């Protein structure tokens, strides 16, 4: 602990109270003048490091979450998560690793048209969101992941995406450009068999 | 800590994650055989004694609560989250996409009269504001969105809103469209002679 | 969604890949299990039993073409994008086999092959990344949030709750309704034989293989008279085009769906 336990206690109470991650800048507003919120968050994190509940970073936000290693003992009956389709998982991964990315580029990576509900479902879940438009003709919308995505998958930042470094080193995260003809599907015609 | 930190960690995580206070019997079920839950609860309570969050007994059950002495710093005005009517959401969207827009123009786009309170309500949300006056007879007020709107919806700029055509591609337009097999290839909008 | 059936490629070792590979006698040539040609290519590439970085694109092209050929032999309905890919791979194969002509404008065969290999590795990388994401301890399943949250002054206290998703969905619904009502006031809902004839003629290039005739109806028809007249006009036009040899028609059973494909005549 430090010479200023009261700031630490306040920070602890604020974050602990909330189910949602709290923004670092807004936490700072609550601390007394001159307190460094980053330093205090570091102290708080250390305090909870080996505990049943950990302080975790979610983008620029902070939250307490149960320790991952306790999962087997915490899991309760039910919790039947909605099973994502293969297409949805693939699309989510492509958005996460290539963001910001347009719909057409996602289709290019997968080599197949995105069926209508896929992006919609990921958007509705709150894992992806529109991130602005690409400055090319047509100004297509680009998509990226949200803080909710980071929180859900237990990532402090996008840099923590598993395997991102190797993929980048292998050039597999380079900007997406059209390759073989079928992989640039015309929008409109559905190409499903039958 | 004690010689059995893993039971303590589990206890901590269980009480943290539970949606309601837990009684000792239910906690004991989760602990390894032979653990004395009362002793462990005492240890956990001691660990949290002077912290921002305390382990408290609620009736015969256990829960974490923020420390009472921090209450003044944690006090919030009670806000009951309210939902907007469909008409209000639609009006908000039309203002966002067509701004600056007058009341009469909103009614024209929606095809129905705007009920009295709708614009007032949207003004109250802080998401829309008057933007000036149209240079036509009567000089009607025009409406547009605010920075608070961008902030709330996580948009960097108004231009980041996906276009209507892209909403359709994402599948958001789907539920309401007519029932014809959607597979017809695009070939210009030649629906009916015109 | 079902897992793809283990692909079997005649003329190529079929014992790699999933354990449940079927005996050669019961060839499974089901394209439904694949999410497009690239997915099929990736599955075939896996059978080469080498690192994806060292696959032979020439061998892969041959595998793919053989697969499509045998699918054709069993008279399977092959979606157009597979055929486009097959044509491209046939072209690539011929160029890979010929000596390179220097000073050409278009990319060399090796560059094209490298681009395809890159695309396969990228898709493979993304699949793997997706699997690793899904293996992470997820909120609400392995990691849990505070079960009894208390109000804090830090949270944004929005009185009004609305997500961007709901805002856009409402707008989209509104737009869709506007489009529908615009359609209803169209001057006439009748479709003439002449229009349908010109329309189908334009679309001939889009039907290299058997496709449902119904797919080539105009878009955005309102149910009822408009739709019925469009079906009648399109069917009559297809008969006329079939008579001229520009189009072929097929119906497998009485009242069954009608299939069309481009005919031999120019």
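We call the chains A, B and C, going by the order they appear; numbering starts again at 1 in every chain.
Definition applied: a contact is a pair of C-beta atoms (placed from the backbone, for glycine too) under 8 Å apart; a residue touches a chain by one contact, two chains touch by 3 or more.
Computed from a predicted structure; not experimentally measured.
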item: Most distant chain from chain A, judged by the mean position of its C-alpha atoms; value: C
item: Most central chain, judged by mean C-alpha position against the global CA mean; value: A
item: Averaged-CA centre spacing for the pair chain C and chain A, given as whole angstrom; value: 29
item: Centre distance in Å when chain B and chain C are each reduced to the mean of their C-alpha atoms; value: 36
item: Length of the line joining the C-alpha centres of chain A and chain B, rounded to whole Å; value: 17
item: Chain C: positions in contact with at least two other chains; value: 144-146, 150-153, 163-164, 206, 212, 215
item: Chain A residues counted as touching two or more neighbouring chains; value: 14, 16-17, 30, 64, 66-67, 74, 123, 129-130, 189-190, 192
item: Residues on chain C engaged by chain A in the complex (per definition of touch); value: 1, 31-32, 35-39, 41, 77-82, 84-85, 88, 115-116, 118-119, 121-123, 125-134, 136-146, 149-156, 163-165, 206, 212, 215
item: Chain C residues touching chain B - in the complex, by the definition given at the top; value: 144-148, 150-153, 157-164, 166-181, 183, 186-189, 191-192, 195, 199, 202-203, 206, 212, 214-223, 226-227
item: Touch list for chain B against partner chain A, complex; value: 5, 8-14, 16-17, 30, 50-53, 64, 66-67, 70, 73-74, 154-157, 159-163, 166, 169-172, 174, 182-183, 185-186
item: Of chain A, residues touching chain B in the complex; value: 5, 8-14, 16-17, 30, 50-53, 64, 66-67, 70, 73-74, 103, 115-120, 123, 129-133, 139-141, 146, 186-190, 192
item: Complex contacts: residues of chain B adjacent to chain C; value: 13, 16-21, 63-66, 73-84, 86, 89-90, 92-94, 96-97, 109-111, 125, 127, 152-155, 161-162, 164, 167-168, 172-173, 175-181, 183-187, 189-194
